[in-house]
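In the two assemblies presented below, chain A is common to both, partnered first by chain B and then by chain C.
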Partner chain A sequence: MTKNINENLVAMQRAHGPLLEVKDLAIDFTTDDKRAVHAVRSASFSVYPGQWVAIVGESGSGKSTSAMAVLGLLPGTGHVVGGSIKLDGQELTGLKQKDFDKLRGSRMGLVPQDPMSNLNPVWRIGTQVQESLKANGMDVAHEKRSALAKALAGAEVEVRGKDDETFLGSDKLPALMDAAKTALQEAGVSGEAYDQALAEFERDWVPGSETRWRVADSLVKAGLDEDKAWDIAKRYVTGSTMDDRIAGLLAEAGLPDAATRARQYPHEFSGGMRQRALIAIGLACRPDLLIADEPTSALDVTVQKKILDHLHMLTDELGTAVLFITHDLGLAAERAQHIVVMYKGQVVESGPSLEVLQHPQHPYTKRLVAAAPSLASQRIISAKERGQDAASLMEHHVVGEEKLEKSENIITVEHLTREFKLPRKKEMFKAVDDVSFSVKRGTTLAIVGESGSGKSTVANMVLKLLEPTSGKALYEGKDIASFKGKELLDFRRHVQPVFQNPYGSLDPMYSIFRSIEEPLRIHGIGDKTSRRKRVRELLDMVEMPESVMGRYPNELSGGQRQRIAIARAMALDPDVIVCDEAVSALDVLVQDQVLRLLNDLQAERGLSYLFITHDLAVVRQIADEVVVMQHGKLVEHATTDEVFDHPKMQYTRDLLDAIPGGKLQLGLD
Partner chain B sequence: MGKYLLRRILQVIPVVLGTTLLVYALVFALPGDPVKAMFGDKPVNEAVAAQIRAEYNLDKPFIVQYLLFLRNALTLDFGNTFAGQPVIDEIARAFPVTIKLALMAFVFEAIFGVVFGIISGFKKGKWYDTVILIVSLLLISVPTFVTGFLGQYLLGVKWSILPVTAGNNPGFIDLLLPAMVLGSVSMAYIIRLTRAEISSNIAEDYVRTARAKGMSNRSVMLRHVLRNSLIPVVTYLGQDIAALMGGAMISETIFNIHGVGWLTYQSILKGEGNLVVSIVTLLMLIFVVCNLIVDMLYAVLDPRIRYA
Partner chain C sequence: MWADAWRSLRKNPLFIISGILIIFIVVVALFPGLFTKQDPNYCTLDNSLGDPTAQHPFGFDFQGCDVYTRVVYGTRTSLMVGLASTILVVIIGTLIGSVAGFFGGWVDAVLSRLNDIFLALPILLGAIVVLQMFKTNGSIWKIVLVIALFGWVSTARIARGAVMEAKNLEFNTASTALGSTPVRNLFRHILPNSMAPIIVIGTTSLASYIVLEATLSFLGVGLPSSTVSWGGDISNAQTSLMTNPMVLFYPSAALAITVLSFIMLGDAVKDALDPKSRTA
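Here is the complex of A and B:
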């Protein structure tokens, strides 16, 4: 059945021809000294009506640039220097901005990457949706249509087409409900069927979103005959006001309580809600093509899944084609029918999703498949443990055993609780509520949860950056809170943090050498020459060339900076490293490299990690044990395999389901 | 909001006490004896001098003088000048002139500053952008008295377009040149502020999103670039209106306008403690009120700002 539908869809797409056809596209940026930088070279791909096509690649691969060229929104000095972009047969290269204005919004929509910066902070959400409708003349059309609909309401004109876009108004909703109830009773619908029908009406009849034919449709489905249903629909669905339409659009995008929300400002919205508003804006004028530029990369995984599910449902319903840009191959494979892989400005591979995933041809695609965290099936086994260096493996075990005699658990947390005072509220907010676990020496324990689940607060208490309200955090069996003076300095030396944002955790005014050397200097270790030697060793350890010593953080990429942060954490030969979302801000390939590095370091030095993350896919690669937190409470604690194979709690299952591409089968050769 | 306002108003009290004390101390510390100066070239009659000193409390220690001034000020009695005029009358004569001048300067700098800033910001790199930038830099770097004398010489003396000085009870035409000179520096700042705001806002993500909606360039610029860019400009203007009133001293002296600046200058020369402190207190109050209005305005313009 499904196959049939798919075949029909494909046949229909073939018959229509591509909606978007990009051929040999070349885009240049001009530098200050007038040199051309080639951002995109001979890129070709097409999108058929109703199809999801994903462009996958790392940052700087030209994937966003290509998409922006389609919209005519290339930033700064970027310009198309060759090739063609055709939308429904119309050539877009060389169009003036004025002509693009006519296409944008109505024919092509955009859902941008960062929901935080893509809404103007000074306008209400509703106003920003309205702008989209106004810019494309939809507001005028509405009023005309409602006027027309009112004129037709009484007359005996046949209006039963499905193209009729007359929306339900909020003022008519109660009357419609009443009429539907009476009609249903008259038609003899009763009992459970009646309740069910009413519940469906309540859910579906959203003012400003539900159209006349759909109201008629649902009435017919509930058991009314066609004439009666259309009669009711025609009488009560007579067009909506602008405010209704805005609320309807926001509700479609999955924003609860949309009419009230439309009057709020962006800063009163969470990231997920803002992204929903941006989806509403992108789809407001029913474009044929929606360009979604990493629409969820700035969001939590669970939110990410909800939003993509919703976007999928919505675009399927509206028949919108989507050009989906992402750096996560797993996500792309799960969502799109067709994948285009871009690398250094060129399309290196393209084809049906599963095909690309299971039989990657290009070496880069193979690397991407191997690195995609969502697709990796098990814990990384370090090079050493794979038996390449048996001697040091033995050594590691000896080191491990020696320490095991001291105590098995290096960090223990007992009934840890932390409360915060909320402004203007009497009761305290429990950020962490009675959490207990322990980290075994030489292993990795991951704390998983959504933002706001209290996982970072736990990390901060383990690091003694925050004092617990009650409960204890123990290091080597001693209460961390009791450390003072020399003992504290010693503790700081042995427990080191690596934070989420590699841009913020390195001082931009310090050279790389100074950043790594600083902990050595503070703890008074060695003299100038021996410290220099140590920094060199550390850089070697994180696989960075010595030449970076004199450079500054802004001259390094995100992944390189995170390596520097790890080198700094390693400087004092710690026992424990607390990684607070240490890889969340990184590209998949870089993320993979950093995780492997951490893993190798653990094997070599018997380090213990407390790994805080919201991404279960990463957990599978690095952790031995997992603690799942929700609303400050520990909800599940087990080994990684157990959590993945037999999750006990519904919440853990939700988190697991949220991993993009988690259920895809891989055939890596 | 109400609580916030009350707190802000209560904050004025320590500010008033501090400023008056400071200004009083400064006037007290001025070298020279104002009473002796009153006798001019004539020999000083010690008996008369002592009588004048007693009348103006000048024979008492500094802190007593200050407290006496404060007590009288509370009943709105700011004392008399040495010439016997009530201080309040002098101020009542000078303030309207300065308010007129400041308002004209304000309108001038607001209109020309914003207009040139917009032209410059939207047409970055064009030749007129460069010209506007150079002129604004010149206005900022050249002191007001140079701009003042230059304007006076060129427009007043050489081409006789505008009156050279204003004198008593000046009208609109008399104050035109002084207002332009007074507002010129702020105008240059506003040009640069507007230009910088526009060029940074134009690169914002939400501007691209607005374009992606299919909005015309014109409405994107008006609703998303200009609207956001003018928030800091408006707040700057609000604070500047107070600065214009207090900062008119040089312009008023050059153009012989008998406003607050001129009066302050004269009273400092004569050592008229009461007059100086009264004027400064009044200016300070204006400053505080303007600041409060700006903060309120800020909350209206930018929905992210809320006071509690």
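Here is the complex of A and C:
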């Protein structure tokens, strides 16, 4: 059955021809000194109507640039220098911005990457949705249509087709409900069927979103005859007001209580809600093609799953094609039927999703598949096995196992609680609520949770950057909060952090040498020459060339900076490293490299890691034990394999389910 | 960091031009005797508003003094006032601003209100009132102190903002976790990262302090007429503006060139100090 539908869909798509056809696209950026930088070279891909196509690549691969060229929104000095972009046969290269204005919104929609900065903070959400309708003349059309529909209500004209025709208005909803109830009773529908039908009406009849023919359809489904159903639909579904339509669009995007929400401002929305609003805006004018530029990369995995599920449903219903840009191969494979892999401005591979995953041809795709944590997590049994030959692997594994059993706890957290005072509120907010766990020497404990789960607060208390409200964090059996003066300095020497943001955690005014040397200086270790030698060793340890010593953080890439941050943390030969989302900001390949590095360092030096992350996929690659946190509370604590194979709590299962591509079958091993 | 700033400065034409001009101005200020053999206070009414000659290229003013010589000798006064007030203002302003920004809380509240009070006083009006009270003392330090008294406000505001911004950057937390103390962070990380805007406002205000001295001297509350200064000369030149505008032009041009040089220097230094603007 499903197969049939899919085949039909493919046949339909082929018959129609591609909606978007990009051929040999070349894009250049001009630098300050008038040199051309090739951002995209001979890129070709097509999107068929109703299809999801994913462009996958790391940052700087040209994936966003290609998409922006389709929209005519290339930033700054970027311009198309060759090739063609065709939307439904119409050539887009060389179009003027004025011509693009006509296409954007109505033919092509955009869901941008960062929900935090893409909504205007001084306008209500509803106004911003309305703006997109207005910009495409849809508001006039909408009101006009509504007026026309009212006039035609009695006439024998059947309006049926594209579903932005005649919407249900909120003023008519109660009357429609009553009429439906009476009609159903008259038609002899009763008991369970009656209740079920009413429940369905309640759910589906969203003012501003539900159309006349769909109301009629649902009435027919409930058991009314066609004439009666259409009579009711024509009488009561007579067009909606602008406010209804806005609320309807927001409701379609999955925003609960949309009418109230439309009157709120962006700062009253969470990240996920903002992204839903942006989806509503992108789809407001019913474009044929929706370009989603990393729409969920700023969101928690569970929220990401919900939003993409909803977007999938919505675009399927509307028949919208989606060009989905992401750095996550697993996510792309899970969501899209077709994958285009971009690398250094070129399309290196493209094909049906599963085929690309199972039989990657290009070496880059192979590396990407191997590195993708979400995919890897399903086939790597233990993190320690990565990249090591069998002998050392076995050896290490055994040592690891023993350590888990015998070694003492280097960090212990007992009933740790931290409260914060919220502005304008009386009660205290418990960021961390009675959390206990311990990190065994030479192993990795990962704390997993979504943003706001209190995991970073725990890390900060272990690092003595915050004092606990109650409970204790112990290092080698001593209370961390009690450390002062010399003891504190000693503690700092043994417990080192690596922070999330490799752009923020290095002082931009400090050269790489000074940054790495800083901890040695603070602790008064060695003289000038010996410190220089040590910095060289450390750079060697993180596989960075000596030549970077005189450079500055802004001259390095994110992955390189994170290596520097790790080198700095290693400078004092610590026992414990607290990694607070240390790899979250990095591209998959770089993330993989950094994880390997951390793993190797652990094997070499017997380090213990407290690894804070929101990404369960990463956990499997690095951690021995996992602590799952939700709303400040510890919900699950077990070994990594146990958590992955037999999660006890529903929340953990949700988190596991949300790993993109986690359930895909790979033909790799 | 300073070595890098210097390397990028050396390549900046803005810096080269302003640097050469400023070196020249400083040399003139230090050794006015090298540029003229005449006495700026040797004036004979015989020469009143006399035309330029080979020995007196800028001509004579109303009092019969050599305009060229007076412009040369006025340099020292203007430069001294500008430099001394800027240094004083930057020290006071950075101190108060960074203390307010770093400690926050009631310290910030008190210092910020003090700041607001001074901001409400117009600097020119305040300077006139204060200078009227100490009319007897004719040294330039009087003017420098008055400028510093009213001038620290804007620097303090900028320093406070810059420190507050730098304080919340992640590398401070990183540094604390490495074992650094808050005070060490302030001096090693926060202040260096806040210096760029302070230096910029310093160099631009240097120019405005030179102008302020000229204004005060023009109004007659600044330096006594026995001290040669551009402001005083501009003030005196107004009597002969209609008959011989060039008398006004030369000291004004000297003032404008000096001010412009420092503003250009400020811009160049700002670009150089901000590693984010530096390309690899």
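Please note the rule applied: the second predicted complex is superposed on the first by the 629 of 669 C-alpha atoms of A that agree within 3 Å, B and C clash if a C-alpha of one lies under 4 Å from a C-alpha of the other, contacts with A are read in each partner's own complex, and residues count from 1 in each chain.
Here is the rule we use: a residue touches a chain if its C-beta (ideal position, glycine included) is under 8 Å from a C-beta of that chain, and two chains touch if they have at least 3 such contacts.
Just so you know, these numbers come straight off a predicted model, no measurement behind them.
Peer 1: Which partner does A:Pro256 contact after superposing on A: first (chain B), second (chain C), both, neither?
Peer 2: Once the two structures are laid over each other on A, A:Pro256 reaches no partner at all.
Peer 1: State whether A:Glu131 touches chain B only (first), chain C only (second), both chains, or neither.
Peer 2: Once the two structures are laid over each other on A, A:Glu131 reaches chain B alone.
Peer 1: Pick one for A:Phe499: touches chain B only (first), chain C only (second), both, or neither.
Peer 2: After superposing on A, A:Phe499 lies in contact with chain C but is clear of chain B.
Peer 1: Between chain B and chain C, whom does A:Ile522 touch in the aligned arrangement: first, second, both, or neither?
Peer 2: second
Peer 1: Identify the partner contact of A:Leu489: answer first if only chain B is touched, second if only chain C is, both if each is, neither if none is.
Peer 2: Touch partner of A:Leu489: chain C, not chain B.
Peer 1: Does chain B (first) or chain C (second) touch A:Ser511, or do both, or does neither?
Peer 2: Second partner only.
Peer 1: Output check: A:Pro121 vs chain B and chain C. Expected answer is one of first, second, both, neither. What do you get?
Peer 2: The answer is first: A:Pro121 touches chain B but not chain C.
Peer 1: On the A-aligned overlay, A:Tyr552 touches which partner chain: chain B = first, chain C = second, or both, or neither?
Peer 2: Touch partner of A:Tyr552: chain C, not chain B.
Peer 1: Thinking of the overlay built on chain A, is A:Gly319 touched by chain B (first), by chain C (second), by both, or by neither?
Peer 2: Neither partner.
Peer 1: Kindly list the residues of chain A that each of chain B and chain C touches, one partner per complex.
Peer 2: The answer is that chain A has no such residue.
Peer 1: Once bound in the complex, which stretches of chain A touch chain C?
Peer 2: 463, 465, 488-489, 492-493, 496-497, 499, 501, 504-511, 518-519, 522-523, 551-552, 554-555, 565, 568, 572
Peer 1: With touch defined as at the start, can you tell me which chain A residues reach chain B in the complex?
Peer 2: Per the stated touch rule, the residues are 71, 73, 75, 97-98, 101-106, 108-110, 112, 114, 117-123, 131-132, 135-136, 265, 267, 278, 281-282, 284-285, 424.
Peer 1: For chain C, which residues count as touching chain A in their complex?
Peer 2: Contact set of chain C toward chain A: 1, 4, 169-171, 173-180, 184, 189, 192-193, 275-276, 278, 280.
Peer 1: In the complex, go through chain B and note every residue touching chain A.
Peer 2: Chain B reaches chain A through residues 203-206, 208-217, 219, 223-224, 227-228, 231, 301-304, 308.
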